Amino acid sequence: MVYPGSSHTRFEHSLGVMEMGTRMFDSLYKKNPDLFLEALSIKPKDKNREEQIKKYRRNVRIAALLHDVGHSPFSHAGEELFESSIRHEQYSVEIIRKYFKDILEKGNVDVEQVVSLITETEQSNSVSIFLTSLISGQLDADRADYLLRDSYHLGVKYGVFDKDIFIESMNLGKKRYGEGELDFNFEIGIDKKAHFIGENIIYARYLMLTQVYFHKVRRIYDYHVLEATKEVFNQIGISHYPNLENLDDYIKYDDWLMLGYFAQGKGGKHGEKILNRKHDKCVYSTILFAEADKDEKDKLTREKKKYENKFTKIDEINSSTVSFYKITDDISLIDENKNQVSYLSKNPDSKIVNEMLQSPSLTRIYIERE
Amino acid sequence: MVYPGSSHTRFEHSLGVMEMGTRMFDSLYKKNPDLFLEALSIKPKDKNREEQIKKYRRNVRIAALLHDVGHSPFSHAGEELFESSIRHEQYSVEIIRKYFKDILEKGNVDVEQVVSLITETEQSNSVSIFLTSLISGQLDADRADYLLRDSYHLGVKYGVFDKDIFIESMNLGKKRYGEGELDFNFEIGIDKKAHFIGENIIYARYLMLTQVYFHKVRRIYDYHVLEATKEVFNQIGISHYPNLENLDDYIKYDDWLMLGYFAQGKGGKHGEKILNRKHDKCVYSTILFAEADKDEKDKLTREKKKYENKFTKIDEINSSTVSFYKITDDISLIDENKNQVSYLSKNPDSKIVNEMLQSPSLTRIYIERE
Amino acid sequence: MVYPGSSHTRFEHSLGVMEMGTRMFDSLYKKNPDLFLEALSIKPKDKNREEQIKKYRRNVRIAALLHDVGHSPFSHAGEELFESSIRHEQYSVEIIRKYFKDILEKGNVDVEQVVSLITETEQSNSVSIFLTSLISGQLDADRADYLLRDSYHLGVKYGVFDKDIFIESMNLGKKRYGEGELDFNFEIGIDKKAHFIGENIIYARYLMLTQVYFHKVRRIYDYHVLEATKEVFNQIGISHYPNLENLDDYIKYDDWLMLGYFAQGKGGKHGEKILNRKHDKCVYSTILFAEADKDEKDKLTREKKKYENKFTKIDEINSSTVSFYKITDDISLIDENKNQVSYLSKNPDSKIVNEMLQSPSLTRIYIERE
Amino acid sequence: MVYPGSSHTRFEHSLGVMEMGTRMFDSLYKKNPDLFLEALSIKPKDKNREEQIKKYRRNVRIAALLHDVGHSPFSHAGEELFESSIRHEQYSVEIIRKYFKDILEKGNVDVEQVVSLITETEQSNSVSIFLTSLISGQLDADRADYLLRDSYHLGVKYGVFDKDIFIESMNLGKKRYGEGELDFNFEIGIDKKAHFIGENIIYARYLMLTQVYFHKVRRIYDYHVLEATKEVFNQIGISHYPNLENLDDYIKYDDWLMLGYFAQGKGGKHGEKILNRKHDKCVYSTILFAEADKDEKDKLTREKKKYENKFTKIDEINSSTVSFYKITDDISLIDENKNQVSYLSKNPDSKIVNEMLQSPSLTRIYIERE
C-alpha cells in the first residue's frame, strides 16, 4: 500500500468500507430489484443485466477500498498543508490513475468509472452520483464503518448501533425536484418504520463527536502535529505537501516519515511536546452550543482577556471545522408508499434528533504546561 | 425461591440487582468516604465505623436480592389483579417477614431494616430512604440491571451503556430544601463532567421503551394474559389474588401454575389466543406523542369510528400507564464544588435529553384475526 | 407454534438453525458451484438449475425450522417416556405431515421432500441424505447454533467459536468407498488448511458438555423431572406419551402443561424437590474417564457401598447416555486437491483433538438433602 | 512515556497488566487472607498489616505498569540487537532507576523494591519472588492481558477465556521441596475444581501461538524488520543498541525513529520489502511437531535441496525460539485440602492439555517474490 505508516488502521478501515459498501449494495438490490435496476439505468429485460450489476458492484468495492488512498500523514490534520484548494480526494483519484491503473486494467476494470465514484469527474452521471452516495453520503459505508470501528478499538460504547438492522433497513427513495414523471433523483435512505435505527446512528455520531473526536486532548494534539509538521517542512525547505503534479514525491510523505522526523528532533517545540507527551493544557471551555448564548460569549471574552498573555491556542469548533464530520446531515426516510423521501428530522416520532443535528460552537483556551 | 415459574429470569435479574447495588455502594463510599459516612449518619471517628458500613452494605444486598420476591405471575401485567391498592412491594415485604425471617436472623440480619429499604415502614428514616434510592430511585440498580440484561438476552443494542463508566461516575450530592446548614437531603447522581453517561442511560431507557416494552405485539399479549388470568380466576372462583393475610395461598400462584391452567384450556378465549399465537392485530397506531397534536387526535377519532364494531382493544399508553417505567425521571448531576445537585435536563450541554423525558401518549387499535 | 411452553427458547433455536443452515447451504454453493450441483444431481447446463437450487434451499430452511417440532416437554429428558423405540424425529415428521401440510402445499412445498431431510423416508435418496447432513450430521447447523446460543444465554465463554470463519471454511468432499469413478458419497467438511476451526468446534463441544450439559446439578434435575413426569402420568392414568397415532393428544403435552401439574402438586416427591429447589446432592463423582482406570473403579465400588442405604440415584454418563450429543464424532477435512476427505483426528497438526473425541465414563452418587 | 512510537499499544497493554495484576492481588488476599499474609511475611496481628499490604499492592502496580518500559523498538524482534546477553528487563530496571526515581520517591515508593519485582536484584527475597510471579510467571497478569487484548484487537476469538472466572479461581499453594514444616514456597495456581479454566488458558495460548504469533507472514516480517534494522545500524555506524551505560542514547531508539529511517530508505533491501509490502513468500512448511516425525524430516531435507539456490530464509521455530512465549509452562492446581500444589498436566480430568504443552518444531522455507 501507499501509506505504510498508518496503513494498519487505515487499511483495516478501507477493507471495512469495502465490505460495508458491498453489503449495502446487495441489500438494496435484494430489497427492491426493479427500482435498483432503474437507479443504475439498466433495463429489466436487458440480457446482460446480471453482468452489469456485477460490474457496478465491483466498481463500488474498488472505489470503497481506495477512496482514502490519497490522505496525507495524520489524515485530516494534514489537509491544511495542501497547496491551496486541493482536497485529499483529488490525490486519491490521481494516485489511482497513476499507480493502480495497470493492475485494475488487467482485471478489466475501467479506471475512470472507479474514480467517478470518488469525486466528480467528466464521466460522472446520475448513476455514478447515486453509487458515490453509498461510499460518501448521508448514510455511507465510510461513516458506518468508522463509527463502529473506532468505538470497538477505543473500547467505548458510544458509536454502537446494530449494523445488521441498519443494512436491512436501507431502501431506495425517489427524491422529487419537480412535478414531471422523471423529475426525481434516487436517494438512499432507511425504511420509515425503522426510523429508530436512523436516530441510533445520529446519536452514535453525536456521541463519538462530543466524547471522542472533539475531546480536548485529541484536539490539541491535532494542533501540535500540524505545527510540528510545519516546522519539519521549514527545515527541509518546503511550504506545503508536493502537489498533484509531483505524486511520486507526495506518496513518500507517510506517517512513518513524519514520525521519524519528530523522533529525530526536527519537529521543533511542538514536536518536543508530542515526544514528551507534554501537550498544552485546556484551561477554559465553553459549552457545546455557545453561539446563541450571550452569557457564554461574555464569559469567553473575559476568560480570553484573563489568559491574554499566556494562551498558546484558541481552538474554535464551529460549523466549518466540523464540516467533514457531516454532523448536521439529515437522514432520508423512505416510505413504503411509492418510495417517497421524507426527512428524519421532520418525522413526528423522531423528535429526539433535532438537537443532535445542530452544529456545535465550542471554544477552548489552551496554555503551556510549566 | 418462591416463584419457580419465571424464577430463572427473575432470579437472574435479582442477582444482577444485588451485584449492581453492591458495586454502586462500594463506589460511592470509595469516591467520597466522608460524605458517604455522613449520609449514613456514621461519625467519622466511630470505632465501629467499618462494621456499621458492612451492616448497611449487607442490608442493601439482601434488599436488592429480595425486592421483587412479591411479584405475582407475569410481573406488572398481574398487578391489576391485586385487591385494590395493594402493591407488589407490600407482598415482597410480607414474604420476607414471614418466610425469610428465620434464615436472616440466623445471620444476624435485622429483618425490619431490610424491609425498610424496600418500602416505607415504621423504621424508615433518612438513612434508609437514601439507601432505598440505590435499589429503586432515579439511578437505581434495578433499572440499570434490567436495561442491560434485557437488551443482552433480546440480542438488541438498544439498552447498551457502559456499566463501568456509569458506576465510576456516580457521586453523592446534597439537595437543599432550605438555607440552613443542615437543610438538605443526600441524593445519588452522577458527576457533572460525566453528564454524557446520564444522557446515555436516558437514551437507553427511551429506546427500550419505544422499541421493546411498548412494542405493539408485546402490549397486546399483556392484555391477553390479563384477560386469560381473569377467566381462570372466574373458573376457580376468586376475583383477585389472595391478599396479604393469605400469603400461603398467594405464593402458590406462580407462572407455572397459571401457564398450566392456560394449557389445560382454562384461560378462555384469550387463553386460546395465547396458546395458538393468534394475538389480536394492531390496525392503527398514533405517533408517540399524539396528545399535543390536533391532527393526530382527529385521525384517531376517525379510525376509532371506522373500527367501531370490530375493535377488541384500544390500548392507551400515557403517563399513568408508564409510571413504573419512570420514563420522565430526570437524573441528578453532582458538581465537584460542594457536591451541589443540579439536573441533567437543565444542563446546557445536555439538550438532547429533553425530548426523551416527555411522557408519551400513544393509542393503538386492535382487532381480532380471522 | 405447536409447543408454546418452551417455544420461546426452542423457537429461537429453530430460527437459528434455519439461518445457520441457509448460510451453510449458500456458502457451499458459492465455494464450489460445480461440485455442489453434482451433489444435488443437477446438471450444470440444466436450464432450471437456479430454480432447483432454490427449491432445495427452501426445503432445507423448512426442515431446519421444523426438525425439532416433535420434541416432548423437557426435550431429551422426556424422550424416555415415549412408547418404546419411538424417537422425537418421528413425531416431528408426523406433526409436519398432519398440521403443516396445508400451509406448506399452499406455498408449493412438497411435504415428503421436507420430511426426508429430517429422518429416513421412502423418498430418501443420496441428495436428501446429503442435505440432511446440513441439519443433523457431523458439522450441522443444529449443533453450531446450540453451542453458540447456549453459551451466549448462559453468559459463559465455553462454546465460543467464530461462526463466520466456520461457515466460510466449509467445503464439499468426496468420500470414497471403492475404486470406481462414481464410488463416493458427498460429505460436508472443512478446508484442510482451516483445521483449527474444526479443533475449535470440538473444544467448544467438549467444554459445553463437561461444564454445562454434564453439570452435576443439571443432571439431577433431569432425573427429578423424569420422575415427576412419571408421577403425573401415574395420576392421570397413562404410562407414556400418546403415540404417533394420537398426535392430537400428544401435542397437548407441552412444558406449560407439565409445569402446571408440578405447580398443582401432582409431581409427587420429585415434583416437590423441583418446586422447592431441594434437589438431591452429589456426594461422590468419579473422574471424567473412569472406565479405563482401575483405581477409580475400586474407589467407586467402595463409595457405592458407603452410601448403600442412602443414595437415591447413581448417575452413569457413558457412551450411550451421550450418544445424542455426538461427542465422539470426528470432523471431515477436505483437501483442496480433488476434494478428498480425511479426518481431523488423523491430521498431524491436530493432535489436540484426540482426547476430546473419547467417550466419557463418569459416575456420580446422589443422596437426598435433609 | 519513553517510547512514543508504539506507546499507544504498549502503554495500553501496560495499563492492562497493572489492572490485571491488581485484581489478582486483591482476589488472592480476599480468598485466603491468612495464607496471603504469610506469603508476604506479614504477621496476622501486626498493627501495620493493612499498610504493608497497601505498600506491596502499590509496588506490584508500579512494577506491572513499568515492566516493559525497557523494550527496544519492535519488542522481541529487536532483542537480538542488544549487546550480548543483555535482556530487556535490565533496560526496564535501569530506566526506572534513572528516569522514574524522582517521581516514585516523591510518592514514597522504594525504587529498589519495585525493580526487585521485575528482575532478580540484591533486594530479591522470597516475598519479591512470590510477587514477581504475579507479573511474570506461569499464570501472570502479563500473559493474561496480552492474550485477551491481542485477540480483541485482532478481532479473532482464539485467545478468549473468562477473565472474571480466571481471577476468582486463583489461589495460593504451598509447593513443598522437603519434609520440614517450612520446606515450601508459595505458588500461585488455580483451584483444582476450576481446572477447566486452566485448560482454557492453555488452549487460548496454544491457539494464539499457532494461528497468530507463528503465522507465516508475521514471522517473515520479524525477519525483515531485524535485517532492515541491521542495515540502518550499518549506515549510522553502530553494531547494536546502546548498552546499559548509555541509557540516554538507548531511549532515543523508538519505533518512530526506526520507521522513519525505513521510510527514508535507509533500511536497505529488507526495508524496501517492508515499505512495499513485498515480503518473502513461504513455499514450504513442515507440520507443527516435525521433530519426532522421520517422514517430515526427510521431506524437509528434500525441499531444502529443491530451493537450495533460491531460499532467502529458513525459519525454524523450536523450543528456544518460543521460550519467551512460555508455551510449555504447566499450570499449578491448588487443592482445597491444605493448599497443596499439583499440576494441570497430571490432573486426570485434564488430559486434553498434554498435547498443547509440547514444544513445537516447525520449519518454513521462504523465497523472494519476483
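We just call them A, B, C and D in the order they show up, numbering each chain from 1.
Everything below uses one rule, namely that a contact is a pair of C-beta atoms (placed from the backbone, for glycine too) under 8 Å apart; a residue touches a chain by one contact, two chains touch by 3 or more.
Since the model is a prediction, treat every value here as computed from it, not as a measurement.
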Chain whose average C-alpha position is farthest from chain A's own: C
Chain B-chain D separation of Cα centroids, rounded to whole Å: 47
Interchain centroid distance [CA atoms averaged], chain B/chain C, Å: 39
Residue numbers of chain B (touch at least two other chains): none
Touch-based graph of the chains, sorted into line, ring, star, complete or other: ring
Residues of chain A defined as touching chain D within the complex: 1, 4-5, 153, 252, 254, 256-264, 274-275, 277
Residues of chain B touching chain A in the complex: 156-158, 160-162, 196, 200, 203, 206-207, 210-211, 287-289, 293, 296, 348-349, 351-352, 354-356
